[in-house]
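The first chain written gets the first letter, and so on, giving A, B, C, D, E and F; residue counts start at 1 in each chain.
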Amino acid sequence: MNTILHDFIIEEHIKSALKEDIGFGDITTDFITEDNDKLTAKLIAREDGILCGYRVFAKVFKILDPSISIKFYFVDGDKIKAGDKLAEISGSARFILNGERVALNYIQRMSGIATETNKYVLALKDYKANISDTRKTTPNFRLFEKYAVKIGGGTLHRYNLSDCAMIKDNHIKYAGSITKAVEILKKNISHTHKIEIECDTLEQVKEAIDCGADIIMLDNMSPQAMDYACQFIKGRAIVEASGNINFETIKKIAQCGVDIISSSAIVAKAKTLDLALDI
Amino acid sequence: MNTILHDFIIEEHIKSALKEDIGFGDITTDFITEDNDKLTAKLIAREDGILCGYRVFAKVFKILDPSISIKFYFVDGDKIKAGDKLAEISGSARFILNGERVALNYIQRMSGIATETNKYVLALKDYKANISDTRKTTPNFRLFEKYAVKIGGGTLHRYNLSDCAMIKDNHIKYAGSITKAVEILKKNISHTHKIEIECDTLEQVKEAIDCGADIIMLDNMSPQAMDYACQFIKGRAIVEASGNINFETIKKIAQCGVDIISSSAIVAKAKTLDLALDI
Amino acid sequence: MNTILHDFIIEEHIKSALKEDIGFGDITTDFITEDNDKLTAKLIAREDGILCGYRVFAKVFKILDPSISIKFYFVDGDKIKAGDKLAEISGSARFILNGERVALNYIQRMSGIATETNKYVLALKDYKANISDTRKTTPNFRLFEKYAVKIGGGTLHRYNLSDCAMIKDNHIKYAGSITKAVEILKKNISHTHKIEIECDTLEQVKEAIDCGADIIMLDNMSPQAMDYACQFIKGRAIVEASGNINFETIKKIAQCGVDIISSSAIVAKAKTLDLALDI
Amino acid sequence: MNTILHDFIIEEHIKSALKEDIGFGDITTDFITEDNDKLTAKLIAREDGILCGYRVFAKVFKILDPSISIKFYFVDGDKIKAGDKLAEISGSARFILNGERVALNYIQRMSGIATETNKYVLALKDYKANISDTRKTTPNFRLFEKYAVKIGGGTLHRYNLSDCAMIKDNHIKYAGSITKAVEILKKNISHTHKIEIECDTLEQVKEAIDCGADIIMLDNMSPQAMDYACQFIKGRAIVEASGNINFETIKKIAQCGVDIISSSAIVAKAKTLDLALDI
Amino acid sequence: MNTILHDFIIEEHIKSALKEDIGFGDITTDFITEDNDKLTAKLIAREDGILCGYRVFAKVFKILDPSISIKFYFVDGDKIKAGDKLAEISGSARFILNGERVALNYIQRMSGIATETNKYVLALKDYKANISDTRKTTPNFRLFEKYAVKIGGGTLHRYNLSDCAMIKDNHIKYAGSITKAVEILKKNISHTHKIEIECDTLEQVKEAIDCGADIIMLDNMSPQAMDYACQFIKGRAIVEASGNINFETIKKIAQCGVDIISSSAIVAKAKTLDLALDI
Amino acid sequence: MNTILHDFIIEEHIKSALKEDIGFGDITTDFITEDNDKLTAKLIAREDGILCGYRVFAKVFKILDPSISIKFYFVDGDKIKAGDKLAEISGSARFILNGERVALNYIQRMSGIATETNKYVLALKDYKANISDTRKTTPNFRLFEKYAVKIGGGTLHRYNLSDCAMIKDNHIKYAGSITKAVEILKKNISHTHKIEIECDTLEQVKEAIDCGADIIMLDNMSPQAMDYACQFIKGRAIVEASGNINFETIKKIAQCGVDIISSSAIVAKAKTLDLALDI
């Protein structure tokens, strides 16, 4: 598994989050601890899950004080169990206490999403279909959320509005038809970009295939309709199912033979994973 | 109800979120819609809840195009029901489609938190205790999350590390005792700031009261211990209960007579509220 | 033709450019002009070309003084001839003189690139092939340069490293083979992204086709080799020619039947178009 | 030769350029290379010229990964020949591939401008006159372009509107006359700033000298007029020639005895120098 | 005494200040010094006072060149005397000269404020009262000014409008009465925040005490009135005196028995402390 | 008198200052005032002085709420007397109270500096000499401080290290002599920049004149020495006196016939002017 979180990019995000939490200073710790007070703390898992964000966690402390040392016993993507000692951190008591909450806020959210995603991944392990995220993310936190989906084993959908064209009902209305919409896009978008078409009906699926769509999204279709659509498409396009996906319905949808099941739930409904710093 | 979201502050956050989602352009909409295409859309509630973030929602579109007009039929804090028409938006089709996802990402998260908070508020309506949030928030999204807690009827805990001192176990260790920690802080912090002390035992509660704590946090105590603590404190300090708070345990805790019940759950476990733009 | 330059995005770039040029004030104009001095100026073309950047030009002045009025007689993409009056601007003498150089610096560079691109577009008008840009752009000016390529009639290549995978010789080396590189990517990248493979030999072309590449880049191949490659590929992938493309060789390459000819020359070798503000 | 590029200033520019090119990640390299893959690459000159920007080139990689090591065999201002090995870079394959394009985009543009400038410098080597740049630069890239002009041996003109007053025709109009314009400026600008006056006629030159101009710009004058002007001025002010300067006319202008020949061509018409990273 | 200036926060402020002073380069030093020129300089006190800002001073040079070494012989809060050698700095001549002015601008202002504050602290040493600052600070320089007040021995007032409620005459008018204003705030503000009430009359003091104010500000009252107010309040609230505080009146006010005397003078009227870099 | 404060530049500075003062909200005003509460307030002078910063003052409120209306009865540079009504402001009570302190912090500091400068200007009104500022300014507040000096009638010294060369003792040491330092600079700096030389002795003055210095700074010289220097220089360079300038010594120095007297006192020792918002 590879990183997509560049240090110089997350550094800015973390500095901003530290300012948000530190304000004009930690008025408790700054006055009570002495310059030379040291501590050693352990990051402990309090529930089972998938670890995600260990470099972000470490970076929080490194920004506060580069001399803090952190040793991780697990890396992103590892399964962790309640009670596992994930990391040991030691250094300035003041700066570790200053950064504790922010560091946990990152790693708990990211691990929560990775863990939630992984539940879907496991549920789909006997199917061709992969679980994918959506653009329903927390404003200005997308990079971290998508990274967590990837770590959890999910497939990423387009990052934003510019890296893949997606024709929805409104676009069809403004263009006149699916066919005309595709025509306009083929004339205008980069040859390096794909075109996905959101289809509500089998007629739309047929038109979409005819005009060379790269991806067909079956939106809120019944299992029967999806079954039929997959057989009709037969590999001529990637097939994505979307709409009201949840942990209960996911296998049934996978059985239809779709390639991708996209759902906002793996991000929006993930809860934070319970991790704590024992000092 | 009053605003705490200044326009010039949220404007920056929203611009950054729009860049996150628009990238170098919405390659579908920008090419398919014409400069003069107009649309009118309705924001519809798909489930019951508390509306929160309507000005943020509107601001997203105003940044993209100041000529877009938006009329809201509800304001922040209003109860909404599935099917309610919350707002009508009309103007440039291109810019409305460009901003739709970001606007919804804000208002759905904020309304979700307000709705979750309000469930606790209603549960506590026959008790003195108020529900309060914590610092376990999404990095760089705290302003919006705390605003939503307030709108949902919750009480806000300290915003960050600088607006209230909170003495925890580690501080006690470094200072030597609760009494010494309070002494150090009283000498050093602003007279405009309060001191809260996290207590695990009744002995600690007594020491905290003796040295003049403004707020006593009863951390993970049994109902009996909390009962006893409240009777002992008898109004000499604000009493806050914390630790493993959830919707099931909350009334039991309130019965002990605490003033505040603080819980990360109202933010961290809130799900997004289902709202949609019907175009 | 549609815009991809959002106002709230270019506004930041322009403010930064204005600060670069204004420093702590225009010490000549600020002292010589009076608050109420007005002027009317014409933007005149001094050579033939394609206009590009008129909204950026206007925005420069609007940032300095929203009451300045600007009327354009041409829009982006229009052919302009030496002597054409492109726009009329009137308002505060001070602010117009303050912004003149920055406004021209944008519109002259952008029009220069659109004009250069259009020469290639016209040369290729009888061929299937389109001219495309590359990532060889001026640091932090890419949005404007790519917009100008589009306005000039060119096709845009991938915007950056994240919106399309491109397998080059080094990637092949690290993966072991083209086939293995594609395997790794198909497992990891979004289903919404394409894979392009840079091929130096016909053997590579064959391997690339076999493993399902979306785009084959023929890198520095002879016309014969390109001819052969196109016949071999026969529509199974988009074919792109690259390497030592210039205005002299472009038609010869187009004759091979490639779909895209990508060249850094349309940006890197474009000269600024001669436009002037006559006051 | 001395540096004018402070590390903490270029660092911000480069980080922004890296974000422009990396987007949300290099989806090819990040997945294909392993964390421990290393590479060694050579920066090779593919044409003759003047090297410029080696520290910027190196900084790109240092931002991505401080452990990358780079050894340069030439420094800014050195003449380089096609085939010269300019530098050797070794370290993480992933980060070197991530930064390659941005690093080259800087050094190729900067070296191109230094090389173009140097052609003029050599052409003028038997004359008193120096070649100077103008404010016709790429928005937000001026610091790098002016640095390259300096490295190429050119003289820098004012950096922006605030470090030297320059009276042009419009200023004369608003002030009433050259004499009145100078009067206003002498009363208002810092005694540490010079006054330059753009003159179209010999009458203007005389008036400018009479009122104590520091620099006289002869704008678009014939060689005879410039000859005459230089003899008239006789060292009482610096004489600058401007307008339609190109490589063909430059010696003729220098023969008139001017001190400075200013031209936008050395920046605006410079092409990128062909340098490549051989891996 | 403990730090409240986090390195990652002051770093941004200092970089911005360095850009303000360096512009596009130090055109004197950059050309006259050679890359390898070294120097050693001493920071000397030219008048008596309290040192403040030594880490900020050092950071200025570290940003310019991490290899510059700085040894301080005094730390923040130390009394220094004219002639004292405060620090020795050695390293690159160029970068030390580049940063000299900015480094001194910080440390001289901060030491000036600490020194001025300390005069008041000493004057009050036999009284219960502490001197406190206000929100009358230099825009965007508050963090440094408040830090200097603390170092000088002063007590800090609220940092900004969000960390303590303060009811002034206008708030009383809008609420209807002090009692109603307090009611509104108790319902709305965090339980972690205090309420301070500005009182002009003894009637207001009584009402303020009755409704449970945490802090009573006696605004511009006569010594007699303050005397009376203190006796009336008798420890039920913190008592703060404000309005026309100066070095002459301060002891008289302290004698009334107030807890805090707040004054903008310690910041707004402090002069810079005379420190110089002897090279 | 002309402006040098561009709106788009001060806007950023003010937004940052507002964030500094508002934090996460004005917890008093935001809860006590209602959305529709209006107020009208007067800006009143409480002492005599020179008004400076009225546009900045107004801009603070316009950022908070564009519908607030402000009418000024005086403009920058006007003499104001204690009791004068300077402006009337009316609009949203909430936003006016939110911005009051920040608006006053700007205008009081700026007016204080203009007032202090003007005292020196009046003292010098019978002499040739002008008073000038220095680079000893508050970090990140220079633009406002220099503007205030100008409004007070002072002359501005160089803005920063890049707009005028100034040779000091250390530069002389590194270059070898004044003559060599000037030689290096003439070869390297822009022809649009002046060279100032700091001279401690008459020998240095002579050498500086011989090598063509534009400005001679007489540093800490006795009146006799300055007298002699002025007679020697006789208009061949601008003469600037510096070092230990204060209100007492200034006329004596002016009598020596210097052109400029530069002093940090007009900024560093100015006190804030007493202005208040009466609501």
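The rule is simple: contacts are C-beta pairs under 8 Å (C-beta built on N, C-alpha and C of every residue); 3 or more make two chains touch, one makes a residue touch a chain.
For clarity, every value in this text was computed on a predicted model and none was experimentally measured.
Common partners of chain B and chain E, by the touch rule above, are A, F. Contact with both chain A and chain E is made by B, D.
Residues touching across the chain D-chain F interface largely coincide between the two copies, over half of the numbers being common to both. In this assembly, F is the chain whose CA centroid lies farthest from the centroid of chain A. One finds 23 Å separating the Cα centroids of chain C and chain D. Chain B and chain C have Cα centroids separated by 44 Å.
Within chain A, residues 2, 22-25, 31, 33-34, 98, 143, 159, 162-164, 188-190, 193 each touch two or more of the remaining chains.
Pairwise chain contacts present here: A-B, A-C, A-D, A-E, B-C, B-E, B-F, C-D, C-F, D-E, D-F, E-F [touch as defined]. Against chain E, in their complex, chain F makes its touches with residues 13-14, 16-17, 20-29, 31-34, 37, 39, 93, 97-98, 101-102, 104-106, 108-109, 135-144, 159-171, 174-175, 181, 184-185, 188-190, 193, 264, 268-269, 271-272, 279.
Touching chain B in their complex are the following residues of chain F: 15, 18-19, 22-25, 30-31, 33, 35, 63-64, 94, 98.
Put simply, chain E touches chain A in their complex at residues 2-4, 6-9, 143, 146, 159, 163. Chain D makes touch with chain F in their complex at residues 2, 130, 132, 155-159, 162-164, 188-194, 196, 214-215, 238, 240, 259-260.
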